[in-house]
Amino acid sequence: MINKEHLVDDLNAVRQKSPLVHNITNYVAMNFSANALLAIGASPVMAHAVEEMEEMTAIADALVINIGTLDSQWIDGMLKAGIAMRKRGGVIVLDPVGAGATTFRTQTAWRIIETCHPDVIRGNASEIGALTNSNVRSRGVDSTETSNGALESARLLARLSNSVVTITGPTDYITDGERVETVSNGSPMMTRITAMGCTASSMVGVFASVNKNIFEAVVHAMAVMGVAGELAAGKSVGPGSMPANFIDELYLLTPDILLKTLRQ
Amino acid sequence: MINKEHLVDDLNAVRQKSPLVHNITNYVAMNFSANALLAIGASPVMAHAVEEMEEMTAIADALVINIGTLDSQWIDGMLKAGIAMRKRGGVIVLDPVGAGATTFRTQTAWRIIETCHPDVIRGNASEIGALTNSNVRSRGVDSTETSNGALESARLLARLSNSVVTITGPTDYITDGERVETVSNGSPMMTRITAMGCTASSMVGVFASVNKNIFEAVVHAMAVMGVAGELAAGKSVGPGSMPANFIDELYLLTPDILLKTLRQ
Amino acid sequence: MINKEHLVDDLNAVRQKSPLVHNITNYVAMNFSANALLAIGASPVMAHAVEEMEEMTAIADALVINIGTLDSQWIDGMLKAGIAMRKRGGVIVLDPVGAGATTFRTQTAWRIIETCHPDVIRGNASEIGALTNSNVRSRGVDSTETSNGALESARLLARLSNSVVTITGPTDYITDGERVETVSNGSPMMTRITAMGCTASSMVGVFASVNKNIFEAVVHAMAVMGVAGELAAGKSVGPGSMPANFIDELYLLTPDILLKTLRQ
């Protein structure tokens, strides 16, 4: 069960504190994720150069590492930022986009896990499955697994990595290896636009910046994504109008709307 | 003449098979092209790292190489992916963005043609003209030639490269060096937004994944782009509202709407 | 005071001449800035490879260098393009995104200033402040300074760099170190979407391509941005609908609308 008081507190805290979220993310998602973070009230920065990772991380509340358009030349920056953030005690989120599609992605995701010890790992069912089971393959960046079926992988990954792991899908699962929470908001239309999952990972960075209880913060981020996604889908003719509507809904989201739309 | 039955068959096949299209494309187009491919029913993946090109191409139905924001460090990945896809017998589409604007682009386009033997080359009139005539210059990424005037260049390029060549413009021309087909749908508004041409190239990858007759598949991709563009332009106040409307129209496109809007 | 006749002349000249603006800009802004430039009537090209900088700059009317997602591997291209454009006598605009957030950005901005001698430098109050006062820090890419307070920094930077300097904010300030002009159009909604500042810098490139009086051209670019932003905000439910509306307003902008909306 989601604690509704805590959920509202976190939403209000995001608007009040405007956490600075440092994203090392993929080219496809950068613009959409930045606008989503601005809309919810956070302050996004996109930066990847190894020369500035320590200084950028030093002013950020959270670091989000996303391997969606991975390149060997970005890996050093990702690791350097992660190590600096871990030392400072700030929040680190990993989005292992396409893990299981290629060895390069699966191995890089594990290298980041082992080097940076992310607080949260968010992916679809295939990506999370592939990180603990080499028989799971991703179809490009799309999932071939059901999120339900991957829950056991998520528990295992959470224990192996000492992270909170979240699988997004028709139902979102959040687990720390023991506890499991679910979020059932959302819409199939969310899977028809690119960068929605990447934006969910960045949103985790936002909420984990204002709530020391990381597990709860992840649940709150998923609730906000699902509610805004569901409301936006209801106003969208198709996936073309969906991105703008989604960002408007994040911006217009009040505690009332959030609680009224939340399925529990 | 477009075979309407085949056109509808291909549209249905795209929705049914959801071909995985591997795009090595430019930063400007990535988000829009990915959303357009999702909207028509395909599954896009954007990846460029040389380390994963063979594995990514191995799971893809088509490879689209676009040199819009070319960088020497991406060329190795383009060539490796192209060689792997050629060996597998999958479809390769080349978009020589800005060929004729700089020597680097013209030469790289030819290097990709000679190394990867693309099945299809799609560009505007200047880009196609520049690949066979060093006197044709592109104005940045814009065309200075009429597509009509470049038809002879397209025929020549098709014969030299053994590819299907398509020039998009007010009328789209598709040729294999002998046959010429035209598509007359579309709207001037399509030239007022960026990445529309790049998306046309990715759409060729989609349709060539479901139809072994490459010439016909290119005609079908151009018909779908033109019809969706024309319908979207009719609903757009300006180029700001055009991208969302275009993607909605791709998503909402039915065989009926397609055939009713097709000009022949 | 803005000379209204000159403002209208420049808007008409942009539509008539369609200046080619070469942007070396960040991944977040590329798509939005390209569409904004197309909407106002200009022709954008995004290119960064060192191999083609001289040829690309040779056909461009203006060069815009933006360090928003800076990478050491892009710096050579920026410098080479800037040196080539300076030699040709074309317009150069620098957008020092995130100067003051990291040493890497502040130093790179100065390196570009000293090597390329930009005609115009555009930033927010923190960025401009940080270039002349090492005590000013940027919060990621957001401003911590008021634009009013940074006016003295802008004057100083203008004198040190021999550039026209413009600080955008609730009021935009434009100074050559002596004269100061202000533009009061705009909307707070412009700060709730990413890449609006980057697009303002690219718009300076557009207007400075058609007016040899650089100071006046910058004022005109800021007036057009502010007017379109204000009109777009009036039609936007939130920041999601803002980008499309903004680009539509640029496209629909007539001399009448521009003069009627201009606050003076």
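To keep things simple, chains are lettered A, B and C as they appear, and every chain counts its residues starting from 1.
Note that in this section contacts are C-beta pairs under 8 Å (C-beta built on N, C-alpha and C of every residue); 3 or more make two chains touch, one makes a residue touch a chain.
What you are looking at is a predicted structure, and each value in this text was computed from that prediction instead of being measured.
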item: Equivalent interface positions on chain B and chain C, same or different at half; value: different
item: Rotation, 0 to 180 degrees and nearest 5, that superposes chain A on copy chain C via CA atoms; value: 120
item: For chain B paired with chain C, centre-to-centre distance based on mean C-alpha positions, whole Å; value: 32
item: For chain B, residues contacting two or more additional chains; value: 27, 31, 73, 243-244
item: Complex contact set, residues of chain B against chain C; value: 26-29, 31-32, 68-73, 98, 101-105, 137, 139-142, 192-195, 237-241, 243-244
item: Partner chain C, residues of chain A touching it in the complex; value: 20, 22, 27, 30-31, 34-35, 38-39, 43-52, 55-56, 59-60, 73, 243-252
